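Worksheet: one structure, shown below.
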Amino acid sequence: MKTQLIPAIKATQYPDKSGKFGPFGGKFVPEILIPAITELEDAYLSVREDPEFLREFGYYLSEYVGRPNSLTFADRLTEKIGGAKIYLKREDLNHTGAHKINNVLGQLLLARRMGKKRIIAETGAGQHGVATATVAAKFGMDCIVYMGEEDTVRQRLNVSRMQLMNAEVRAVKTGSRTLKDAINEAIRDWVTHVEDTFYCIGSVVGPHPYPMMVRDFQSVIGQETLSQHMEAEGRLPEAIVACVGGGSNAMGMFAPFVEHQAVALYGVEAGGRSGKIGDHAATLTYGEPGILHGMLTYLLQSEAGQVSDVHSISAGLDYPGVGPEHSQLKDSGRVTYGSVTDREALEGLKLLSATEGIIPALETAHAVYYACELARKMSREESLVICLSGRGDKDMETVEKHL
Amino acid sequence: MKTQLIPAIKATQYPDKSGKFGPFGGKFVPEILIPAITELEDAYLSVREDPEFLREFGYYLSEYVGRPNSLTFADRLTEKIGGAKIYLKREDLNHTGAHKINNVLGQLLLARRMGKKRIIAETGAGQHGVATATVAAKFGMDCIVYMGEEDTVRQRLNVSRMQLMNAEVRAVKTGSRTLKDAINEAIRDWVTHVEDTFYCIGSVVGPHPYPMMVRDFQSVIGQETLSQHMEAEGRLPEAIVACVGGGSNAMGMFAPFVEHQAVALYGVEAGGRSGKIGDHAATLTYGEPGILHGMLTYLLQSEAGQVSDVHSISAGLDYPGVGPEHSQLKDSGRVTYGSVTDREALEGLKLLSATEGIIPALETAHAVYYACELARKMSREESLVICLSGRGDKDMETVEKHL
Amino acid sequence: MSFIRQFFGNMRKANQKVLSIYLPAGYPTSEATLPLLDTLVEAGADMIELGIPFSDPLADGPTIQRASQQAIANGTTLLQSLNFLRLFRTKHPQVPALLMGYANPFFRFGWDRLVDMAAAADVSGFIIPDLPPEECEPILSRIHSSGMDLIFLATPNTPPERLRLINAKGRGFLYAVSLTGVTGARKNLPPETKAFLQRLRRESSHPIMVGFGISTPQLAAQMAKEGNGVIIGSAVIDLIENSPDLPAARKTVFEFVSQVKKAMG
Amino acid sequence: MSFIRQFFGNMRKANQKVLSIYLPAGYPTSEATLPLLDTLVEAGADMIELGIPFSDPLADGPTIQRASQQAIANGTTLLQSLNFLRLFRTKHPQVPALLMGYANPFFRFGWDRLVDMAAAADVSGFIIPDLPPEECEPILSRIHSSGMDLIFLATPNTPPERLRLINAKGRGFLYAVSLTGVTGARKNLPPETKAFLQRLRRESSHPIMVGFGISTPQLAAQMAKEGNGVIIGSAVIDLIENSPDLPAARKTVFEFVSQVKKAMG
């Protein structure tokens, strides 16, 4: 029998009361949204340590999502690389196939408490949209998902999944027609229907309290990893690697480890086709601080402060911003951020598929590749955990095209 | 922490020593395969109660597959139907998305013990093929999957998945180009490479010891369900419903319940387009006993004993035979078998998606529809478990076409 | 006292309602901006808001989105826009001119540098829709000490306590958002708008300019009654967008703005 | 003593090797079966195996698969095939004729009915590749008591104990499968075949007929030496398949079978 999980959401030092992670974060939103995010912040703070809320969250994480998911020892990949022991935190085993649903579950439970029945969400890869449509169906809520037109094509499978669950998918035809524009459109919807609408953001981005709240809901990843690794190895891992789009799987994984200075933390961004602006989505690697989507954070942008078009083979990393806490963790040096190209990600995907029988999402594949390079340089006594943020089924068409 | 699972494989009364379930089952194979199935039987019987084997099996089921999976209470579906409480046994949460991997893991652990490094398998929906390719990759074995040419088209996604995991997918162009012919082709391969090849059959079909062995490996489904339902409701469920293609998810689910006469068991076959021969795959509903693929069992066949072409919207149910133990359970009256049409299955799929946020495989959707009809006639105090054998991602293209 | 406050004092004394027009810099071409600004003033606009285009105008409807994209494509920069404003203020020293834009282009330019150069260009004030009072600290006091104003917005859902904060931080006027929604011309405004504006008048001592959705002289007249004046943006851009060339645009804009001004009495 | 055993006794006495040819009933057409059987006998075939087509011939290679599909498409039935054999046996009473086929069509027909009607048609015996000794009980004693034989197969991987079981249950002759694989003409047979056949001769008292893969007179001659004779199937079907019509098929089959018979000396 699986024991029921009550994730302990721990209030950390950051963000401060104004929603800042050092200089980053904040609430850079149109006035009309201020009451909504204030209401949300109040509501969230009131449930954050409410045992009944945590019990409910734990119940659905366990009975519906299938948590705790495994920490799988990747014996063949380890052997092939010949360095550190590689473990995989299996978010791909969650219902709907990625970590996104942890956060959605938390937010929609909160929305239910707040009496909001109209849910909106943006989605890039479609995983957050699918997760939102899923939980909305389970809770009997209306759901509208904004998705860049380009992404509705490259992630068509996920569009059908959302529609089957009675979500309305709205193809966003403005701007670059990808994730960033889907967020713009979702915010416009929110501005217009602010009274009855709950905006379920899919990553640790947006105005306060989202970066904090999403991190907290996702920190179940890191909490489980910590105790599972303890059980398997009797100590903490030497290194942890996660991919960074908006940064939610990474923050959820890192959260309980940040205070353990001996654990090296690595965030991996989308290096795309090249280091030229427009050819990648490696915000922390190449970006500069800026203000977008309600937060102050690193951004890929022009000299004039126009947000850049970005590119990644993986729709879920195709975002010119990043969660503000990552910006802080970068500047403080606590986390090392690097990037991996489209081609390398494909290699990572193939490698994990062939050695472990696990096809990762293209997003995740970035972390896999980076982790292998890292593990190679580590000793056999050390161990490294990859946050296997999602499965690759959704990406098979893209992968086919590139093989 | 998840407790490690050691599935207790229980020797039941059936089959008898010669591999018979009453008049059904047996070893109707070419002489050349007799040594192979004898070796297999001996090997299996020697590990069946070997704690080390069971520990290994339990380790991978837990750490790799993600067992135990949940028994989810379908509150909104229950409410909508207004009858018995409906529970879902979540095989869709397994790694690779269906129950098939339980069996594959058992067989390939056995193959590893037997020193066989060349694995062959047949597949219909592709789920068994994917599961076999997956575990073969994890164990570093060569893997060849036979798949009807028609199925390689309707389940293209799964073909790519197998190839990514370095399996060779051989499109079978003989006969009706579906599952039955894939099995024929796999047997021909086995006949030709009998010394070094392990044939990993995907359901409770084929010659003894397969029907027994596959049932045993899959019985982890029923064992978990039994104790999870006990924990949730304090008693056994009143009814259990599973879809039946070859019959492995159903047998795995039914196995520990067969002796509990108060639990009504239902197997649901593919009713296809109509009750006309060739338009469905409802073997137990419309078939007659016959001999195919090494077993004596109900078959869809002509007067002259030629095996019929069959049809189902779901590739995984598209099989003119059925596991011999089901034939016995039908004749003994212990299990009630019924059928559900393509159209009804699609309705079941939509219903579960919209109310619970769970998109079932088209195979599973047959069980969902049947279970809803059944639950409607039961009282609110009773409870019913559906074996949610797999997820529907693989079927999105087919579903799109039919909506 | 800031120029804007003086201006509103004068208008109130003259019993005049204020008509403010928003125009995106560099739209439809860089060359069009100064002539169009002249046209606005000639037609009776009392105040000008020059928009700095941003790639992600998330509080704007389709009209301003398209105009922003066009302006970016035309290579419009903040420096250039400051130059437009300097020339405009030289020519029309009686007409307050505000710089309106999303935070990021300003942030990238540098808050301090922005304020200094805006002051040098004789800019009257700023409207930054995604810089609410809680985020304005890096810029507010410097704006004030340079004699300019930072305009805040109030919306129908702004609660009383918050309005007090906005009143306290804001200066110049209060931008009353007429509806819950994005910018863009509307046929009608919701019935609640009137009560909202009455509440603002009761609870704020700032001049109140009503914006969002105003598309016709009638609507403008109606809304102007409830405050100190109105702000029109998308309706004018729609006219420009539908004009074949600049002279045609100037003509149609002139007619529309004149009618609005006339209707406002 | 069964007809087949008598026949092998006579052949051994005459120091003759036995050539047995497999032909699917109803292939390439229903009308062709009796003429082709005649041709086989005329060309020197000593024994005949008439195949009952089955939809799922899982021990057969592509040649026999195609022939089976064709025969089914032609509407070939078991009753019709029994009739072919009755006519054949009437015309060629000295030539043993076996019914060969997968279990299911026989099972559906009914084991008892099958044996009775086969006996009435003067069938000499049965080869049922997916009916190994452990599954033959429902039919074996009735076959024997009707004076017919049930032929079992031995394969290179058959272990000694099992061969004893096969020897005990089988009668007529032992069908030695030359290789591990499905049916179908091969250029060569594996080197191990010879040792396998020697083992069978040591460990079995039944006449030994070698089948699977034999495609040329040379191979036939070689294999015949190691036992009592050979069985050829796919090689003949290939010839029929490549013939434009029945006369051409009869001609080429006649030539091939004659050459084989001659080579076997």
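For reference, chains read A, B, C and D in written order, and residue numbers begin at 1 within each chain.
One rule holds in what follows: a residue touches a chain if its C-beta (ideal position, glycine included) is under 8 Å from a C-beta of that chain, and two chains touch if they have at least 3 such contacts.
Here the structure is a predicted model, which means the values were calculated and not measured.
Each chain gets a centre from the mean of its Cα atoms; the one farthest from the centre of chain B is C. Distance between chain centres (mean CA atoms), chain B to chain D: 38 Å. Averaging Cα coordinates per chain places chain B and chain C 67 Å apart. Centroids built from CA atoms put chain D at 97 Å from chain C.
Arrangement of the chains shown, judged by which pairs touch: a linear chain-to-chain path with two open ends. Shown are all chain pairs that touch, namely A-B, A-C, B-D. Touching chain A in their complex are the following residues of chain B: 1-3, 62-64, 66, 68-73, 76, 90, 92-95, 97, 133-138, 140, 157, 160-161, 164-166, 227-228, 231, 349-350, 353-359, 392-394, 396, 399-400. Of all the residues in chain A, the ones that touch chain C in their complex are 18, 26-32, 34-36, 174-175, 180-181, 183-184, 187-188, 191-195, 288-294, 296, 299, 301, 303-307.
Note for the complex: chain D touches chain B at residues 54-62, 65, 69, 72, 77-78, 102-109, 129-132, 134-135, 152-155, 157-159, 162, 166, 177, 180-182.
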